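There are two complexes below, and they share chain A, which is joined by chain B in the first and by chain C in the second.
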Partner chain A sequence: MRVFRASAALEMAQLRSSRGFVALTALAAVSFLVMVCLFGLTGAYAPVALIDRDGSPHSRRFAEALLGAHHSFALKSISLAEAEAALGTGRLVGIITIPAGFGDSVSRGVTVPIDVRIDNVNVDLTNDVQRALPAAIVAFGRREQYPGVRVRMAEHDVLPHDTGYIPYLVVSALALDAMVIAGILGAMATAREWERRTVKLLRLSPAPSSAVLAGKLAVAGGVAAAALAVTVLMIVVGYGVVPVAPWTTAFALAACVAIFTCLGAWLGALLKRTLAAVPLLFGLAMPLYVDSGALEPTRFDGQAIWIIAHASPIYYAVGVLEWAFHGLRVTPESVFVDLAILAGIAVLSMGLTLGSLARGGAR
Partner chain B sequence: MTQNQGSAHESPRDAIDVSDVTCTFGRVRALDGLSMRVSTGTVVGIVGPNGAGKTTLIDVICGLVRPMSGTVRVLGQDVTSNAAALRARIGVLPQETALYDEVTPHQNLRFAAALYDVPNAEQRIAEVLELVGLSARAGDVVRGFSGGMQRRLAIARALLHNPPLLILDEPTVGVDVEARHQIWAHIRALRAGGRTVVLTTNYLDEAEALCDRVVILRSGKVIADDTPAALAARTGRCLELECREEGARQLAEALRSHRGVLRAEVVDFGLRVYLAAEVSPEDVVRDARQVVPVEGFRTRSPDLVEVFRALTAAGSAA
Partner chain C sequence: MIRAIWGMARNDLAVWFRSPAAIAAALLPALGMGVLVAVLTNSVGQQPVALVVQAEGPLAARMAKIIKGDGDAYLLSEMTAPEAEAAIGDQRVAAIIVIPANFDEGVRAQNASVDLYLNNIDIDLADDIRRSVTRSVAEFDAPQLGLLGELHGPSDGALLPNAYRIAVAEHDTRDTNVSFLQYQVIPIIVLIVISIGLLGTSLLTVRDFERGTAKLLVLSPVGRLPLVVGRLLGGTLITALLVTPLVALGFVTHRLPWCGEGVELSPLASMLVSGPCGWNLPVPTWSHGLALVALLVTVTLMTVGLGTLLGVALRDARLVTMAGLNASAYLFFLGGGFTTVAFLPHWIQVASRFVPTSYAIEGLRQALFYPVLTNIGHDLLVLSGCAVLSMALAAMMLTRAWRRT
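On to the complex of A and B.
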């Protein structure tokens, strides 16, 4: 305990002398959170003009059906001239025009073409219109009880509550944050011993390396947890996403921080340079994050991606955090299996780090 | 002082006994059947060119490197089977100093005190800081220290747990002349206090100034192990002849086959001749004057640099 406390005190003093670096690392956590939210929001509010040249009750109800259909539009009611000008200058994605006589025609059973002009700079936007308009037409027809629509959806949800895309994303971002912050601080704690060549001092001393390492990593993990707590606060206050099980969430976050601190410590001991470990952690974090069930459960992304995901610690961390925050089960493995695998990675990392400290890398 | 590690154990006659140790790294044989002893309470210098095996020998003595063959006993105990216990009784100044430079000397020593379980740590830290003259800088960040101050702090750390055996790996490398002499004064004080000190150095004047014995290594082998005076005597006497440059070259050629002349070097004032102990310098001067005019001459004992060059040159020739 004596060595643990002394090691922790020294690590804290060293981190205090690197306040700028620690602050920037914590800032990276917030920036990742913002990044995934921006990703989630991208394309969700594409401005599309809806020109109603009919003005009948029918056309208004069709517009309502269009609003209710699943799409990524921000529908705007503006004049045709304004819309054409905006489309020409790239401030509008498309123009949907309900023609004059729309109401009379549908009353008489005549099929009416809805004119759509779209900026097909990105086929994703075109696809969105192609999905949304038929959905709106079917909804309109069902509401107006037109003959010919003989199929309707009967939805039965597996889960008792829906989880929005942004609330899902921000929780998975916590796993990414935990890897980046705790990983970097863990890597710094060990790599510095080689950079300062103090690893030889540790090897020469009679004290157990495990106590020294535990002290250093306790502080690194503590600082990472504090930085992560700020991010959690932003999620709760800023995004209004409240965990369904706060204590379970706290435990899951603490476990993720501890595990990624150990993983970072091993990378630091392996590379022996902070400057090498930090870019590697950033470089690894993004692909591991994307292939980890961060955007949706990975099991829905195809067999190959799902198999690869099992090599990523973030996959298991997302499984644990989505369960703790939203009560979701996003991995086929149980949350306890996820936790056990993460704990196994931590133990293996600690063992490898202690091995590196014992060898010292002097030669 | 209230330390225990050194005084609690009976002092063996030899603080270090290295016997027929061989150590290889890949295809490199860093130590090659090396044997040496260090008597308790003495200062022994290990000198040798880069790659001679000095640092490997220290690592073996500290139990950081396990030799392929041979035995190493330190403070009466076998290093291989008692490495952890022995580390508590050895103070080491690594070549690279190994200080936490973002924090203060006091914080460095606090950590070291915990590693070595030093009782009354605060009092002992104050003592060693006073000893190396850094008390006034105890609260400053180490990064701002000169090389000499950092070395002194590292020596303070090596002394913190009051070890009976100190190993200093190139203690004055990279420090200025004043700091060097301060460190020398500390080492002399340690010897006066009865401690055993082993130091490696590339500076032969340092070995000559500080050491009771000097061990010269070359290619992982001991090529000489004696007192500085005895090593100088083994090299013979040095005769310096004043003559013109052309004459010096002619004389060097002539004396090369002279009985008892070990080596002759042309220097700026004339010729420097190394003589075997049994040869009279006056006989050589008389013979030299028959070859070229000699304006003057003087004899002296060779310094350790000359001893080292003579021995390592002989090793190369072999």
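On to the complex of A and C.
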């Protein structure tokens, strides 16, 4: 216990002397959160100009139907010239023009073509607009109760309510944050021993290296947990996303911090340089994040991606956190299996780190 | 003087290429983003959906044919009801579309329904499926509301009356669509330039302070100006040497045998090659090509200047790495990387105008994907201004820092 305490005190002193680095690591966590939200904002509400040349109650109701078409359009009422300029420079996805006489024609039962100009520069955006227009037209037809519609879609949702895209993304971003903060601090704790050539001293010391390592990682994990707590506070206060199971959330986050600190420590011991470990963690973070059910359950992305995702600890972390925050099951495996695998990864990486420290000293 | 400048630049090149950690620091995050885009490409657009056809009539068969025909929207698997229930339970499908047993009778009575059982786990996924199924169902009563109808119906002068009384005359502004991956390659290129320019130069600058070689440089008889210019030239050359082959690769990947259209690969192999094959840029005309080169050069100069400033300010390799990675991430995302700035709230759009990379990404997309070089002069002017400012500041600060060493 004395060794543990001494090692923890030393690590704390080291971190105090690297306050700038720790602050920038915490900033990176907040940055990831902000960036994930920016990405989430582009998933809906395509900016589209609406040129209403009719101005009738019917055209206004059609505009309302466009606004209600599954969060598809952000309608801009601007002049045609402005719209054309914006379309040409990629600031608009399309221009929808309701022709003059639209209201009269639909009242008489005449089908009216709506002119839609789409900047089909990006196939994803184009598809969204192409699919959303019929949804708006169907909603308009149903509201006006036009005869002749023979088939309707009856939706039955599996869950009582939809989870917003940003609330979904920010929770999975917590797993990413845990990996980045805890991973970097863990890596720094071990890599420093090689950078300052103290690994030999560690090996020669009569103190058990497991106690030394545990002391170092406890402090690194504690600092990472404090930084993550700030991020959680941002999510709860800033985004209004409150966990449905607060204690489970706290436990899951603590588990994630512990696991990623151990993983980071192993990476630091493997690469022996903070400068190499930090960009590697950054580089790995985003692809691992996306291939871990961060945007939607990974299994929906196909069997191959789903199988690969099992190699990423973030997959299990996202599974646990989405369950704790929103009550959602995003992995076919149960939450307890996810937690057990995370614990296994932590134990394995701790063992590997100890092994690296022992070998490092021997050389 | 030129010899001294070249000597300094060559020395920086040699140092940098002997530092695998520095190369990794500059390249890994950007390449990670590239992998992310490749993975994202597999996630957007199509969703796995089960189709359960319980009816046997001709109208039900027609409905099923419409749904099966929309291959752009669904990854469809036809299943029995118990199979579909099991599949949605273990997340092999995101939704089940059921054409019920009484569908034909329902159509004749004008009250048929197609049931959608949806795993509405998040709104983005759920809305994608809702839009697609609504379109398929609408197509039954209004065939022109399908994709082909939107593209080649009223817009080609063929208007069929429908029960909803509205049809879509779609006019696309360009001949070809650019894939999601191809569209996102542009910000990745900018991110690579930022990462290498910023981190590469800042780490070189820091190295001189950490190792005390700055003192030797100051004592050298060639004077400070050639050394400062040499440092900036070195950073520029490092960036150019790494970015040029990557950009050039983008113009030739479509010639690779496994990247061609119609090549059949296993799902795993397709996923593995989707990244390299997606690194695919359209070959520009000479005027667009010139704009492309000018934009890349100005961004490079700007980031090299910023990198030098960062190195002078922090003088610690670990701090510089973290600060550089943070700065690169903000410059990337606020500049329109993975996002379309027009989709963002107004205040972020305003903030984005103060982020130089937004001009670079906008300009590069204009140069590669748009027929007319709208606003390219403005983009180049802003970027050149930023480049001159950052270079001048970097030269001034570096001279001052070396003088005080």
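Going forward, the second predicted complex is superposed on the first by the 339 of 363 C-alpha atoms of A that agree within 3 Å, B and C clash if a C-alpha of one lies under 4 Å from a C-alpha of the other, contacts with A are read in each partner's own complex, and residues count from 1 in each chain.
Note that in this section contacts are C-beta pairs under 8 Å (C-beta built on N, C-alpha and C of every residue); 3 or more make two chains touch, one makes a residue touch a chain.
Predicted model, so just to flag it, every value in this text is computed and none were measured.
Peer 1: Should the superposition on chain A be reported as showing a clash between chain B and chain C, or a fit?
Peer 2: In the superposition, chain B and chain C stay clear of each other.
Peer 1: Who touches more of chain A, chain B or chain C?
Peer 2: Touching more residues of chain A than the other partner does is C.
Peer 1: Classify the contacts of A:Lys272 with the two partner chains as first (chain B alone), second (chain C alone), both, or neither.
Peer 2: A:Lys272 contacts neither chain B nor chain C.
Peer 1: On the A-aligned overlay, A:Val290 touches which partner chain: chain B = first, chain C = second, or both, or neither?
Peer 2: second
Peer 1: May I ask you to decide whether A:Ser7 touches chain B, chain C, both, or neither, giving the answer as first, second, both or neither?
Peer 2: first
Peer 1: Return first, second, both or neither, reflecting whether A:Pro206 touches chain B, chain C, both chains, or no partner chain.
Peer 2: Once the two structures are laid over each other on A, A:Pro206 reaches chain B alone.
Peer 1: Between chain B and chain C, whom does A:Leu280 touch in the aligned arrangement: first, second, both, or neither?
Peer 2: A:Leu280 sits against chain C, while chain B stays out of touch.
Peer 1: Looking at the overlay, does A:His310 come into contact with chain B only (first), chain C only (second), both, or neither?
Peer 2: Neither partner.
Peer 1: In the overlay, answer first, second, both or neither for which of chain B and chain C A:Arg61 touches.
Peer 2: It touches nothing on chain B or chain C.
Peer 1: Touch check for A:Ser18: first (chain B), second (chain C), both, or neither?
Peer 2: both
Peer 1: Please state, to the nearest 10 degrees, the angle that the Cα centres of chain B and chain C subtend at the Cα centre of chain A after superposition.
Peer 2: 90
Peer 1: When the two complexes are placed on top of each other via chain A, what is the minimal CA separation of chain B and chain C in Å?
Peer 2: In the combined three-chain model, chain B comes within 13 Å of chain C at the C-alpha level.
Peer 1: Can you list the residues of chain A that touch chain B in one structure and chain C in the other?
Peer 2: 18
Peer 1: Across the complex, what residues on chain C touch chain A?
Peer 2: Counting only chain C, the residues touching chain A are 20-22, 24-26, 28-33, 35-36, 39-40, 42-45, 47-48, 63, 72-73, 75, 88, 90-94, 106-107, 110-128, 130-135, 137-142, 145-147, 150, 153-155, 159-174, 177-180, 183, 267-268, 271, 314, 316-319, 321-323, 325-326, 329-330, 333-334, 338-345, 348, 362, 365-366, 369-370, 372, 374-375.
Peer 1: Hey, which residues of chain A end up touching chain C in the complex?
Peer 2: It comes out as residues 18, 20-21, 24-25, 27-28, 31-32, 34-35, 38-47, 62, 69-72, 74, 86-93, 105-106, 109-128, 130-135, 137-138, 140-141, 144, 146-159, 161-165, 168, 188, 273-276, 278-280, 282-287, 289-291, 295-297, 299-305, 328, 330-332.
Peer 1: Which of the residues in chain B come into contact with chain A in the complex?
Peer 2: Contacts found on chain B: 25, 59, 62, 64, 84-85, 87-88, 90, 92, 94, 96-103, 107, 110-117, 141.
Peer 1: Over in the complex, which chain A residues touch chain B? Could you list them?
Peer 2: Checking each residue of chain A against chain B gives 2-3, 5-7, 9-10, 13-14, 17-18, 196-198, 200-207, 212, 360, 362-363.
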